[in-house]
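Please find one structure pasted underneath; my questions will follow.
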Amino acid sequence: MLFRVTSQLEYDVRFPSTLMLNIHAQRSASQSVVEERFTVNPPVAFEEFLSQGSDNRFIRLKTGKAKRLSISYEALVDCQFHLLPVKTINAVPVAELDRAALPYLFPSRYCQSDRLGRLAWDLFGDLDHPYEKVRAIVDWIHENVEYVRGSTSSDTSAYDTVTQRTGVCRDFAHLAIALCRALNIPARYFAGYAYQLEPADFHACFECHIGGSWLVFDATRLAHLNGLVRIGTGRDAADASLASIFGSVQGTKIQVDCQLEPDQKFIPLSAKRAKSTAVSLEAINTA
Amino acid sequence: MLFRVTSQLEYDVRFPSTLMLNIHAQRSASQSVVEERFTVNPPVAFEEFLSQGSDNRFIRLKTGKAKRLSISYEALVDCQFHLLPVKTINAVPVAELDRAALPYLFPSRYCQSDRLGRLAWDLFGDLDHPYEKVRAIVDWIHENVEYVRGSTSSDTSAYDTVTQRTGVCRDFAHLAIALCRALNIPARYFAGYAYQLEPADFHACFECHIGGSWLVFDATRLAHLNGLVRIGTGRDAADASLASIFGSVQGTKIQVDCQLEPDQKFIPLSAKRAKSTAVSLEAINTA
Amino acid sequence: MLFRVTSQLEYDVRFPSTLMLNIHAQRSASQSVVEERFTVNPPVAFEEFLSQGSDNRFIRLKTGKAKRLSISYEALVDCQFHLLPVKTINAVPVAELDRAALPYLFPSRYCQSDRLGRLAWDLFGDLDHPYEKVRAIVDWIHENVEYVRGSTSSDTSAYDTVTQRTGVCRDFAHLAIALCRALNIPARYFAGYAYQLEPADFHACFECHIGGSWLVFDATRLAHLNGLVRIGTGRDAADASLASIFGSVQGTKIQVDCQLEPDQKFIPLSAKRAKSTAVSLEAINTA
Amino acid sequence: MLFRVTSQLEYDVRFPSTLMLNIHAQRSASQSVVEERFTVNPPVAFEEFLSQGSDNRFIRLKTGKAKRLSISYEALVDCQFHLLPVKTINAVPVAELDRAALPYLFPSRYCQSDRLGRLAWDLFGDLDHPYEKVRAIVDWIHENVEYVRGSTSSDTSAYDTVTQRTGVCRDFAHLAIALCRALNIPARYFAGYAYQLEPADFHACFECHIGGSWLVFDATRLAHLNGLVRIGTGRDAADASLASIFGSVQGTKIQVDCQLEPDQKFIPLSAKRAKSTAVSLEAINTA
């Protein structure tokens, strides 16, 4: 599936600062960047690199004396997704989890799974299979948390959202991740572009490691699980922030788009199919 | 410097559970394990591996039907430390920090640097050099936070300690890390064995990435900086927990020791020397 | 109903301090103290008075140079309770609530009703009558929060308990009060002696102002609603603390008892009756 | 001193709701309302009453079917203030505090004095006299907390402000109150009109009970202590809220003014005088 993604960010700069951006589409076995263009105006110095221990692509940029920065990214990305019949997904105990997934069992800044243990087991502990548990978590959040733009801040965490019950995609993801980890299911934050997201914006959802694969879920149900372009993966938004600012820089505009290439045909997962099928955005472990 | 470290842990097991332990001395360019012995009684199955993206050595262990577990670790560890004249340490701006250090700029479960920004800049922002800033942070915490055994819990974070002003080594480290990150200084949690620590126990302190090297600091001032044996490194205690329990297991005993080998001579850093000299437990980047 | 209540408190005193105790049975139109005895050993100076704006009876006591204090209270208390058929309880809108009840609509230290609004309305907003709402709150807490001795501290508030889901009577009461206030139902904290409470201790529960009367509820379901002897009433435990310490005093012993007088007969409310009957410990407003 | 105060509030009403307003100037021995006018447009039903246990004047108002409400209050208020030479103010220990002041020793929703104890004693414990302590608290807050409009929300409490170090008058008052109570100094919230406040708005500051009188302080230093018209007094903003909404009502406008009557002459306290003189807005206890 070929998507054309674009983002435009504008910043006012008070004094020379450093920006770290994570808006580039990730490259992986299941997602290739066919072409891309990244421009900064005025053309200040920057470097691109992979973050330590992940495939997130960071841009580090010094504003120099620029007073305004206009940043533009455009890419053509070929994304594969994989459908797994739910029946074939194994329940893997902690003792046999992939070692690479273990760090995603622990609490993080916005996902205090250590404080949500009893609640998580009360609500979802009776369900046998981790996949069922995660699906029940998604349903519960969708039913109990209202999507309200502007109702939360960058300080809001899962511990707040579980009680305050409003938030945006980031908050939905954090709460879901915290509940999964509390149930010993590795869970991580997913930031990306999303096809047909209304209104267009960056999107956050989450992945769980079940049966040997990272499966993707969206507690907001605003995005197609097979219409996502991965930017970054992390423990939570602290790891996969779109922009980290060191100095004094103020965002003034953000514009995001994700379109299907003209010759492509997008088939959303039918509700019926979604019930019996899990989605993975990674090459599936079929060992 | 050759240290003999030992730890003994005992657990009561309610039902078959999984334990992940991180009590093995790390192996690195500056720390080698000369010999070691790890035993579990009764002898249940376990595996050893490095955690994803770090050199922490984890044991994953299934209790099986055992009702009690007695775990014993003993190692002879050769530790090197490096002294750097403070004068030679460069101030490196965020724009030029080692990429490997960047993840340690972000907030984590117990180190909410994002909420401590204004406080950190008010208290320490006037100091020019990051090394001076960290030393001032250590002094401030030592002066303002009291070491009180039992005054905190596993839920206590830097945001609490900065106001409540009591804690144990873990809390001291978390607060220091959060303040450093708030000042754009990469900081990470250090868990280890400590020579002549009173009373003997596992110890936590922290490292900052300054001038291209990870330098070690201890806001409790209870340990010799050149008398530490590294177990683990992480963003905070969530990453470098000595024991993570999946199931129902209760710790009943913990006994830790760290002795100098008989033929070795330990020279503590004099207070005078400590003023002009930084300590690194890693091979120093002299590029 | 005649109850004999006793409490014995012992304290170690580090330096001359002041104690404020609230362990005396309240006097009111529906509760009279037939006889009582309060002794402090050694016999230091104290005064008794009613707290500002309530009928709570405080003892203010200066330890002087005493190193140990042994405090003993015994009283014979005649308590009336009133049963109201649920059917006869009116739903009174905020616009017509008794003015005296209005302060109990606002959030307090341990009852952050302002943060629980959406949750409360989601869970209980569909129920029409305030009495039904409160009963549903009691059921929900009883079902979802586990009574675990020692699981909380004096810092624990409703905002914690709603997620952490363990606590003791104080925490159950705080959560219930917060949820009631969030639904615009005046609610206050009740501290008292409780007949047949197992194990014997001071007890906390709560009262709601519905249909013109203060009705009593117990989310722990550990006490008989018609077997309570009121000590104090307040917005939460901050107002109705059994002992407030100004100085350095450490409690070393606490022993509480509540017995029926030999010639009295106690008839607990049957489960059936409890369904159709509300209990008030105050003279009922029959205007 | 004669002040003419006015306030205008406008609300959009979604469905029939109840409002409780506390914008009327208080009447007391030292403040008399010479004339006043309160209008609601459209003219819906309302009642005025004193809140339980205080002299705050509440308006309770039913919106009925009105879709918009325009509320207007105007009063001519005669305010007395009293200057006390600091030297004459006694330090009264808790054991001898006025009973009426005791409730203001305990923590409340926004003033968690119980969590700030160690910090308060570390910072201010060395000062002997309660008046000195409070003055040092005012100085410390003024120096360490920045007044930033919009930096906080109705959820912000002293526990946040002490670390986040920004806020508005309400936050300054809450932090000061919490620190005072932590030091066993009774402290309460003061809401009022303030002469020459820039920009004109309702103002919040605080009073401490020292030497038998309630003395007024302002940690923002934005108001003249002898230019205040009292609206309400309470434990914190939860008690002395200008408007409490029960239903669905949205404030759309707020306009406040406080002018000196033409024939009056206002003499601000000189900085020099302020150093040696305390201000009380209540009749002074000269017993």
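Just so it is clear, A, B, C and D label the chains in written order, and each chain counts residues from 1 on its own.
Everything that follows uses one rule, which is that a residue touches a chain if its C-beta (ideal position, glycine included) is under 8 Å from a C-beta of that chain, and two chains touch if they have at least 3 such contacts.
These figures come from a predicted structure and were not determined experimentally.
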item: Equivalent interface positions on chain C and chain D, same or different at half; value: same
item: For chain C paired with chain D, centre-to-centre distance based on mean C-alpha positions, whole Å; value: 30
item: Interchain centroid distance [CA atoms averaged], chain B/chain D, Å; value: 47
item: Multi-chain contact sites of chain D, meaning residues that touch two or more partners; value: 115
item: Pairwise chain contacts under the document criterion; value: A-B, A-C, B-D, C-D
item: Residues on chain B engaged by chain D in the complex (per definition of touch); value: 115-116, 118-119, 122, 144, 146, 159, 162-166
item: In the complex with chain D, residue positions of chain C that touch it; value: 18, 20, 49, 51-53, 58, 60, 62, 93-95, 99-100, 102-103, 105-109, 112, 114-115, 154-155, 184, 238-239, 241, 244, 246
